[in-house]
Amino acid sequence: MDIGALLIQAASLMLTGMIGVFVFLSILILAVTNLSKLAKPDTGAPTVPTTRRQPSGGVPNAHIAAISAAITQYRTKQ
Amino acid sequence: MDIGALLIQAASLMLTGMIGVFVFLSILILAVTNLSKLAKPDTGAPTVPTTRRQPSGGVPNAHIAAISAAITQYRTKQ
Amino acid sequence: MDIGALLIQAASLMLTGMIGVFVFLSILILAVTNLSKLAKPDTGAPTVPTTRRQPSGGVPNAHIAAISAAITQYRTKQ
Amino acid sequence: MDGLLNLWQATGIANFTLPALIMMAVGCGLLYLAIAKGFEPLLLVPIGFGAILTNIPVAGLADPGGLLYYVYYIGIDSGVFPLLIFMGVGAMTDFSALIANPRMLFLGAAAQFGIFATLFGAIALNYVPGFEFTLKDASAIAIIGGADGPTAIFLASKLAPELLGAIAVAAYSYMALVPIIQPPIMRLLTTPEERSIAMPQLRVVSKKEKILFPLMVLSLTILFLPSATPLVGMFCLGNLMRECGVVDRLSNTAQNELINITTIFLGLAVGSKLAAEHFLTVETLGILLLGALAFSIGTASGVYMAKLMNRLSSNPINPLVGAAGVSAVPMAARVVNKVGLESNPHNFLLMHAMGPNVAGVLGSAVAAGILLALVG
Amino acid sequence: MDGLLNLWQATGIANFTLPALIMMAVGCGLLYLAIAKGFEPLLLVPIGFGAILTNIPVAGLADPGGLLYYVYYIGIDSGVFPLLIFMGVGAMTDFSALIANPRMLFLGAAAQFGIFATLFGAIALNYVPGFEFTLKDASAIAIIGGADGPTAIFLASKLAPELLGAIAVAAYSYMALVPIIQPPIMRLLTTPEERSIAMPQLRVVSKKEKILFPLMVLSLTILFLPSATPLVGMFCLGNLMRECGVVDRLSNTAQNELINITTIFLGLAVGSKLAAEHFLTVETLGILLLGALAFSIGTASGVYMAKLMNRLSSNPINPLVGAAGVSAVPMAARVVNKVGLESNPHNFLLMHAMGPNVAGVLGSAVAAGILLALVG
Amino acid sequence: MDGLLNLWQATGIANFTLPALIMMAVGCGLLYLAIAKGFEPLLLVPIGFGAILTNIPVAGLADPGGLLYYVYYIGIDSGVFPLLIFMGVGAMTDFSALIANPRMLFLGAAAQFGIFATLFGAIALNYVPGFEFTLKDASAIAIIGGADGPTAIFLASKLAPELLGAIAVAAYSYMALVPIIQPPIMRLLTTPEERSIAMPQLRVVSKKEKILFPLMVLSLTILFLPSATPLVGMFCLGNLMRECGVVDRLSNTAQNELINITTIFLGLAVGSKLAAEHFLTVETLGILLLGALAFSIGTASGVYMAKLMNRLSSNPINPLVGAAGVSAVPMAARVVNKVGLESNPHNFLLMHAMGPNVAGVLGSAVAAGILLALVG
């Protein structure tokens, strides 16, 4: 393929690419703006139950915690 | 294979399996009970030489320890 | 191959090997001795810029540092 | 504008199928349960995310050459990841409570009835049109009753890989639901007096016993059930590294970095089995149903066995601790403790429940070995 | 003395070639830049060392059966390593600044003009005899303008693996040179008054927004650009693990041990692509030239876009923050802060520059997805 | 009761063979030495456990498709694991003592006579009926005298993989036995006056020297012995990461998590070579015998060399430090310190012995390179 044709393809790719990037990120801007609206009302105290909530069902993590709690309890009894 | 035959196989598997589990864990109970007897006499002070014994021959671990000891000694000399 | 011939090969290997090891490590001795001469003059204060220099361009490390700095700054503003 | 057209034809919008959308919603649902409800988040976050990634059109992340494909074939098809997780869990487990009171192993044995009864139930489900579970399928489904993630994934990868996604999701979901599933059954099968029974304090266990225990478990497994040795062996290696006291570097790595890295990849790999064409089937509904059955039967068998032992034994046994025999470590033991406190606010059962709880891990590994030996 | 002769014939001295020597010098140069100058040492130390190892005669470390060969084929040819790095970077990234001011995404979009203009430039370079870049080559080279190491390596491994070494070296070198490349361009295109503009303080971002953000980014990528989902998906998984707060074990591992291990191997594997026969070509000179062009154009486009937005918007925007849109996180943001302080010593722009900075990461991942969809 | 019969036929009891039982006992013996006696536990715990797992009947853990099979082929057959361990050891090693007193390298060279004399001895053993060691076998066995685990495993995996199990076990066992093997030889070959010699304090070594040292070692290896560059190169990479001060993240990972993970798998993989059919041979006895010989000759050569240097040099050299030339870092250096204190309670030789000790690591890597070049 001659360079001229390639250049035309490259120019088309440049145009398509920049349009694609701008369209995509513009939609993301819209989405994020709405995201703040969506998430805003419940930023108060009661509705953030997930924050730093220790994985109560997480086996390994909780595993350690429970076992070590049990051991502590067990040892201090003696 | 018709479902009836499969069900008979499944029932047989259920029986075999539960017997297997109980036999295995019963033997383990016996073994653990004897284990305590076996290990009990030497729970005293002198016969627990393995407890928290630092890996005296453990290359990487001991490696660090020795090298850092040597360096400390070396630096404090100056 | 009979053992005698193998033994001669082994002896030759022993000789070659020990010569090789000694030649190699002797050259290394020369090199390290010159290394000290080479590196000595600039052991002073100004010419040791690399010592513990935090990776100013290291993405992940610096990444964390900058982001956490920014967050700290940001939070304390409020 | 040929380029923009090509770009449009490569979008997800132009390539979506309804089943893929449903599976992405399932993935989001798992993320919601994990993050907002705290359901087994360490596994359900990567599984849910993996489910979303797998069902993305065009991208082919779970097709040959994709990331999730590699992760699945290297880690699960080979059986390596569940075994590494099991080694790490072994390095995290303290068997003191069980060594001090080995009879608790009976509870861990009884709770496995949940597995074998469900196996029967899965075959019986074949009478319903649409279900055609083989004995291998039924065995892989039944192991959900073992309440042990890596065991379930390992067995399913050997016996019924096409059901692995549903089985793993069911296993982890029900493990997370233990605080909801178990208490009603426990209350139904016991009287308030039984639930108030205090148990004698456990004796101290020596270092030497703790070191010999994993070796003894491994020896018996070698003697009687070699097919369980991959699972039991790696579990015992982890536990031996923990207890022997001379390889703390290795033990710490096994129970932290190594298990964390493996967990991320295991979760993604399980998620790669949640492709719409394999998951959105009537079998999945059956598996979810049978899984709930398995947990309930296992809980009930454990409680009945504890009641029986309490009657036969001179030492009092609180029947609640039987429920911990399903494993689901340490959730089931905590649930026992909580339900016990309701009846007797001074009766802390946690340590007593740890015995049957870890016994349940061994019990389901043994059950998996039996199924591998007879069906695999 | 046959043995000594054999030994001599196996020495490097007897087998050196000039190109290999030059490449080892290049490797040493990279080590010097990394260690003495602090240029991206986490990558350039293993890359430089890998370049030396690769070019050792006789040893064949990058030939089939050698360590570097395995590392390259397992980690980069499969695309796994860049994706793991991206997951780790996602787990390290705080999107607060971007969520608080989402318009900054325009700056991250504008800076990608560096990529697409360079693509055109790479094809134009074919008029110079000796250059014969295909569209795939040109796309892989152009991504250097994304100023993002893992994205560049991932795309190059898919589109032009034989250029991967030069592309990765150029990308990391120019990322390290950001404090030298960017300031003159930034000063040239802005007035002192513009550089003194103070920006309004950013609002607080809630935990919930931070959790939903990666899921939203992933959703849009699935809808509009599935070919970008390997990169964006792993990045969002890392970020979700960071923000969700229930899998801190996994998040910490992803941003520490796992990314460190992967970085060592990724660096060595990239180094294995610095074999003399692939690197010492006229194409490499072209790639280095085009890379510098890409960074400069990206910086300029970002600044121009920020100037435009400042004029159109009611909220003042300091045009300097546009330069951070090329990503090169967090160097570019720091450079913005430094240049801003020169004009107004009370104007701290770091936090404001973090928005376009992380937007640039998304922007170049999107650009990579578009190139994969249209050229790959 | 067909099922119970099948289950019985799948038990270990019904499938045991005497050789497998013996090998499991050997595995238990290694665990005992590691745990109760503290013999190189970081390696001998996984090796011993791997030996048990490998010899389990029916389970086939080391057969194609089994966990240990994968670990061996991925990690050792490829040479990757020993090289990663070597990188980690490099990141742990401080060469200050050697840079301050480079003549100590002569001691590291002399101690390699243990290797080459044993090579001759292994061939001579062919006169005994039942032994038929080739030159490759003999070289792999001889490297035990290098007292360096990863070097021995790497060379054995290249030259004589079927002997790898016995060689690795011998190497680690004798390294653990250094405090028992070396002192009698050291006392026999030196006078109390020699053992009391105090050595002049070492000079301070600059940061720059420490950074240049690994690069210099690598350069010489490239020039003179490229076949040693896999080993020496990864060692130097680790050491450079340690000393350069700009990649502490990577250096810490290399000497902690990465080496720990690799050690677990390396141990299991070595254990997989302790299958009865390969280990219970007369060759193994020969290997154990030759290994002890190699350690003893290496120790003696080091001591003799130190005596010679003490006579020729103006600076006094305590002949004991020669024994540290066999490497076995840092055990040999500690033994030197201990034996020295017996004769002169104020004479701390530890730091002086670290020089020959790390020189021994380089020396045996060089010897391995020579063997690979001439025999491989």
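So that you can tell them apart, the chains are marked A, B, C, D, E and F in the order they are listed, and the count of residues begins at 1 in each.
Definition applied: a residue touches a chain if its C-beta (ideal position, glycine included) is under 8 Å from a C-beta of that chain, and two chains touch if they have at least 3 such contacts.
Worth saying up front: this structure is predicted, and the values here are computed from it rather than measured.
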item	value
Contacts common to chain A and chain F (chain labels)	D, E
Option in C-F, C-E or A-D whose residue-number contact pairs overlap B-D by over half	C-F
Rotation, 0 to 180 degrees and nearest 5, that superposes chain B on copy chain C via CA atoms	120
Label of the chain whose CA centroid is most distant from the centroid of chain A	F
Pair sharing more residue contacts (C-beta pairs) when B-D is set against C-E	B-D
Chain at maximum distance from chain C, centres defined as averaged CA atoms	D
Classification of the chain D:chain F interface as same or different, half of numbers criterion	different
Computed distance of Cα centres, chain F from chain B, in Å	27
Approximate Å spacing (C-alpha centroids) for the pair chain A, chain E	21
Mean-CA-position distance for chain F and chain E (Å)	41
Multi-partner residues of chain E (each touching 2 or more other chains)	3, 6-7, 35, 38, 41-42, 211, 224-225, 244-247, 249, 257, 263, 370, 374
Chain A, residues touching no fewer than two other chains	13, 16, 20, 50, 53-55, 58, 60-61
Which pairs of chains touch, using the document's own definition	A-D, A-E, B-D, B-F, C-E, C-F, D-E, D-F, E-F
Footprint of chain C on chain E - complex, ascending	2-4, 6-7, 35-36, 38-43, 88-89, 92-94, 96-97, 149, 175-176, 201-202, 204, 255, 259, 263, 329-331, 333-334, 348, 350-351, 354
Residues of chain F that touch chain E when the two form their complex	78-80, 83, 211, 215, 218, 222-227, 229-230, 233-234, 237, 240-241, 244-247, 249-250, 252-254, 257-258, 370, 373-374
Touch list for chain E against partner chain F, complex	3, 6-7, 10-13, 15, 24, 28, 31, 34-35, 38, 41-42, 45-46, 49, 52-53, 56-59, 61, 65-67, 70, 256-257, 260-261, 263-264
Touch list for chain C against partner chain E, complex	12-13, 15-16, 19-20, 49-50, 53-67, 69-71, 73-74, 77-78
Touching residues on chain E, where the partner in the complex is chain A	98-99, 102-103, 105-106, 108-109, 112-113, 115-117, 119-120, 122-124, 126-127, 135, 138-139, 205-209, 211-213, 216-217, 220, 224-225, 244-247, 249, 359, 362-363, 366-367, 370-371, 374-375
